[in-house]
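Multiple structures follow.
You will see subunit A twice below: alongside subunit B first, and alongside subunit C after that.
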Partner chain A sequence: MSTRLFELMLWAAGKTVLLSAISIAIGLAIGLLVCAAKLSPKKLLSIPATVYVSLFRGVPLLVQLLLIYNLLPALGILVPSEVAAIAGLALCTAAYQAENLRGGFNSVPRGLIEAADMVGMSPWQQLRRIRAPIAFRLTLPALVNEMILILKASSLISVVGVIELTRMAQNLSASTFRPLLFYSVAGGIYLAICWLVAGGGSLAERLMRTGSSR
Partner chain B sequence: MSLDFSIVWQQFPQILSAFWNTIWIWIVATILAILLGFVVAALRRYGPLWLNLLLRLYVEVIRGTPFLIQLFLLYFGGPFIGLSLEPIPAGLLGMTVYGSAYFSEIFRAGFAAIPPGHIEAAECVGLSRGQIVRRILVPEMTMLVLPQIVNMAIILMKETAILSIITVPELTLVVGAIGSQQYAFVEAMTMLALFYWALVELSGWLGGLAEKKLSKFRFAH
Partner chain C sequence: MTRPAVRIRDVHKSFGSTEVLKGIELSVPKGSTTCLLGPSGSGKSTLLRCIAFLEETSSGIIEIDGDPLGFAEAGEGRRTRLSASDIRRVRAKIGMVFQQFNLWPHMTALGNVTEALVTVQGMKRSAANEIGNRQLARVGLSDRGHHYPSELSGGQQQRVAIARALALSPDILLFDEPTASLDPELTGEVLNVMRELAETGMTLVIVTHEIGFAASVGQKIAFLDHGKLLLDGPPAEIFGTPRHPRLEQFLETYLDRGAATLV
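Take a look at the complex of A and B:
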């Protein structure tokens, strides 16, 4: 493989990382809202949130992507395919992240919340100083896991015409007749990115652990 | 925008055969993946060190790369090394290999979670190796891993949609094609999504039922 082609693959890998990162960030924001709605005592909020989580976790991501990609123009919303792809990935990961966050918030020890009540913290202070930091620390491994899942799942957006790592490998193997080479290189790059993310995740966990023991 | 779902129903026989393909490919691939995953986990635990390292690499590579890339390598790269497969066998093989890596990790955790005291006790009362596997290891492990096995099987059910990309005639491919031909792609995809949703919810419910039925075999810690 010439250097030029390898550079193209690396550029495409960068796009995979960028699109995945944006989707994860938007998904985290939506996931927080869905989680808050699901934990709410008001049925009007918790039931739609439950349906949202069940729906987006119950439908294959490929079908979600194909649907969003074709639904937006049908509704008169014309956006680049990258935007449709990010919307699809973000809506899907939001459902999984909402469940992770819910698990985290439910695992905050009751005693800590009672103690915060005793010293007279307002609900907002409790959330900001006790519940959110602890829930974040508890859900970090799940968040890293979700990042890796989305990095791999982002290969599916090649189907809606976004040029990322998988689509680039597809194009180059079609034009050079060397699918073994280009799909192996693409696989190797995915593997390297996933290992980097996993390594960064365990590093962050270790740093936070030393932070908490002080 | 107006939605007309009747268009999709006119092609009912075609959809039914696609549904059958989705179901049997899912079930066969899941069973094969569970068996292969169990073998991989057992070899990693009881085999020699070099085999453990080799199989660990296998598991890490499969779990660290997208399913779609694995399918492309198999389906488009395979013929270059003398492995020309039709879409359905390629899909079956790809899904079995992909699933086996995840199942093997579930079984690995299962092996590790069986209290060594149980094995020692069985040895003490004179059970043979085969008896220990049949009477202690397998029943205890089944209970330990069943929830994750069900979970992974449901993930694989959703992954069957990806097989449409290598032209396996399953639900996503057939319903998508009907939608395109009839200029009713959004309607077709909406119905497809609702259908998968029902299927996944149903599988989850059945899995929960099986867990409850088998819970009498759960051992006390």
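Take a look at the complex of A and C:
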């Protein structure tokens, strides 16, 4: 493989990482809101959140991406295909992240909240100082898992015309007639990125177990 | 006569169709140590949790230093629920030590002790640390401030929990079976701290199975059985012969296990 072709592969890998990272960050923000709504005692909030989660978990991501890609122009909204791709990935991962977060919040031992009650913390102070930090620690392994899943699932966004790692490998193998080489390189790059994310996750977990919290 | 620290008036509590407290009347004098004893399921922990308003009573009134906590009388036997800020204001007079310690695992010992000083009272970090270190020293843990709960023994964790409660200078300290989750060799260090607190004249209400401790440190013993307050008086009177048959039976269970030696 020439340097030029390898550079193209790396550029595409960068795009995969960038689009995935943006999607995961937006998905986390939406996931937090959906989680809060789902935990709410108000049915007006919890029912739509439940519907959201079951919709976005129940429909294949590929179908979601194609729907969003075709729905936006039908509504007269013209956006770059990257935006449609991010929207699709973010809305999907938000549903999973909301459920992970909900599990985390529900796993905070009741006694720890009672202790916060007894020292006079308001519900908001409890959320900020006790519940959210503990829930986040409990959720971290699932979050890393989700990051890896989205990184790999981002290969699907090639169907909406975004040139990322998988699509680049496809293009280059078509023009060079060397599919084995380019798909192997693509696979290797995915593996390396996921390995880095997993390593970062373990490091963060270790730091949180022993490190400072303030 | 001064107002009691805690006054419990005709308190009932049901979980579903099971009534666990059946009309409890009890007052805890200021500056005294009151021990709640009774067999498992007698309702003593529930009563303590009602005093802290961690459980809501089904009927009756609980007053902390004259102020109703949770519910106030509204005439004709009815009661109204007080606002969350009223509850926090009255509850600020109470500290609580739990059976499971309930230390926040993501904060150091010092962080646990100073958290409310900073977050709730808005104290400066340096001033809070000063108080925190003083309270940790008081429970014999001045060298453990920067350890996380997971790095401490059960007895140390419970002493941190006591320091956390003391840091807010409560008038009343409630203990819910504070040594029940500890290995036998670790109960002594916690009981010693509690004994010292009792000697300072703080108002303590202790649910415990340590009968020897209750008999020697308690100024008042309340013996609960099946949700009723069966006996209420000074230890000499309660433990002196002749004893109530239910208490006799309860003590035998414990003495059989060699758990306590009576004074």
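We take it that the second predicted complex is superposed on the first by the 211 of 214 C-alpha atoms of A that agree within 3 Å, B and C clash if a C-alpha of one lies under 4 Å from a C-alpha of the other, contacts with A are read in each partner's own complex, and residues count from 1 in each chain.
The rule is short, and it goes like this: a residue touches a chain if its C-beta (ideal position, glycine included) is under 8 Å from a C-beta of that chain, and two chains touch if they have at least 3 such contacts.
Because the structure is predicted, anything quoted here is derived from the model rather than measured.
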| For the overlay on subunit A, clash or fit between subunit B and subunit C? | fit
| said: Given the overlay on chain A, how many degrees, to the nearest 10, lie between subunit B and subunit C at the CA centre of subunit A? | reply: 100
| query | With both structures placed on chain A, which of the two partners, subunit B or subunit C, ends up touching more residues of subunit A? | reply | B
| So, A:L203: does it touch subunit B (first), subunit C (second), both, or neither? | neither
| request: Name the contact category of A:I47: first (subunit B only), second (subunit C only), both, or neither. | output: neither
| Should A:R129 be classified as contacting the first partner (subunit B), the second (subunit C), both, or neither? | second
| task | Once the structures are superposed on A, label A:A25 by its partner contacts, choosing first (subunit B), second (subunit C), both or neither. | result | neither
| task | With the two complexes superposed on chain A, say which partner A:G111 touches: subunit B (first), subunit C (second), both, or neither. | result | second
| task | Kindly classify A:R137 by the partners it touches after superposition: subunit B alone (first), subunit C alone (second), both, or neither? | result | second
| Once the shared chain is lined up, is A:V79 touching subunit B (first), subunit C (second), both, or neither of them? | neither
| Touching partner for A:V119 - first (subunit B), second (subunit C), both, neither | second
| said: Going by the contact rule set out at the top, does A:G58 touch subunit B (first), subunit C (second), both, or neither? | reply: first
| query | When the two complexes are placed on top of each other via chain A, what is the minimal CA separation of subunit B and subunit C in Å? | reply | 23
| request: Touching subunit B in one complex and subunit C in the other: list those residues of subunit A. | output: none
| message | Touching residues of subunit B toward subunit A in the complex: what are they? | response | 1, 60-61, 64-70, 72-73, 76-77, 80-81, 158-162, 164-165, 172, 176, 185-186, 189-190, 192-193, 196-197, 200-201
| field | Residues of subunit A defined as touching subunit C within the complex | value | 109, 111-112, 114-122, 125, 129-130, 133-134, 137, 208-210, 213-214
| message | Applying the document's contact rule, which stretches of subunit C touch subunit A when the two form their complex? | response | 52, 54, 84, 88, 91-92, 94-96, 98, 100, 102-108, 111, 115-116, 119-120, 148, 150, 161, 164-165, 168
| task | Within their complex, state which residues of subunit A touch subunit B. | result | 54-55, 57-64, 66-67, 70-71, 74-76, 152-156, 158-159, 166, 169-170, 173, 179-180, 183-184, 186-187, 190-191, 194-195
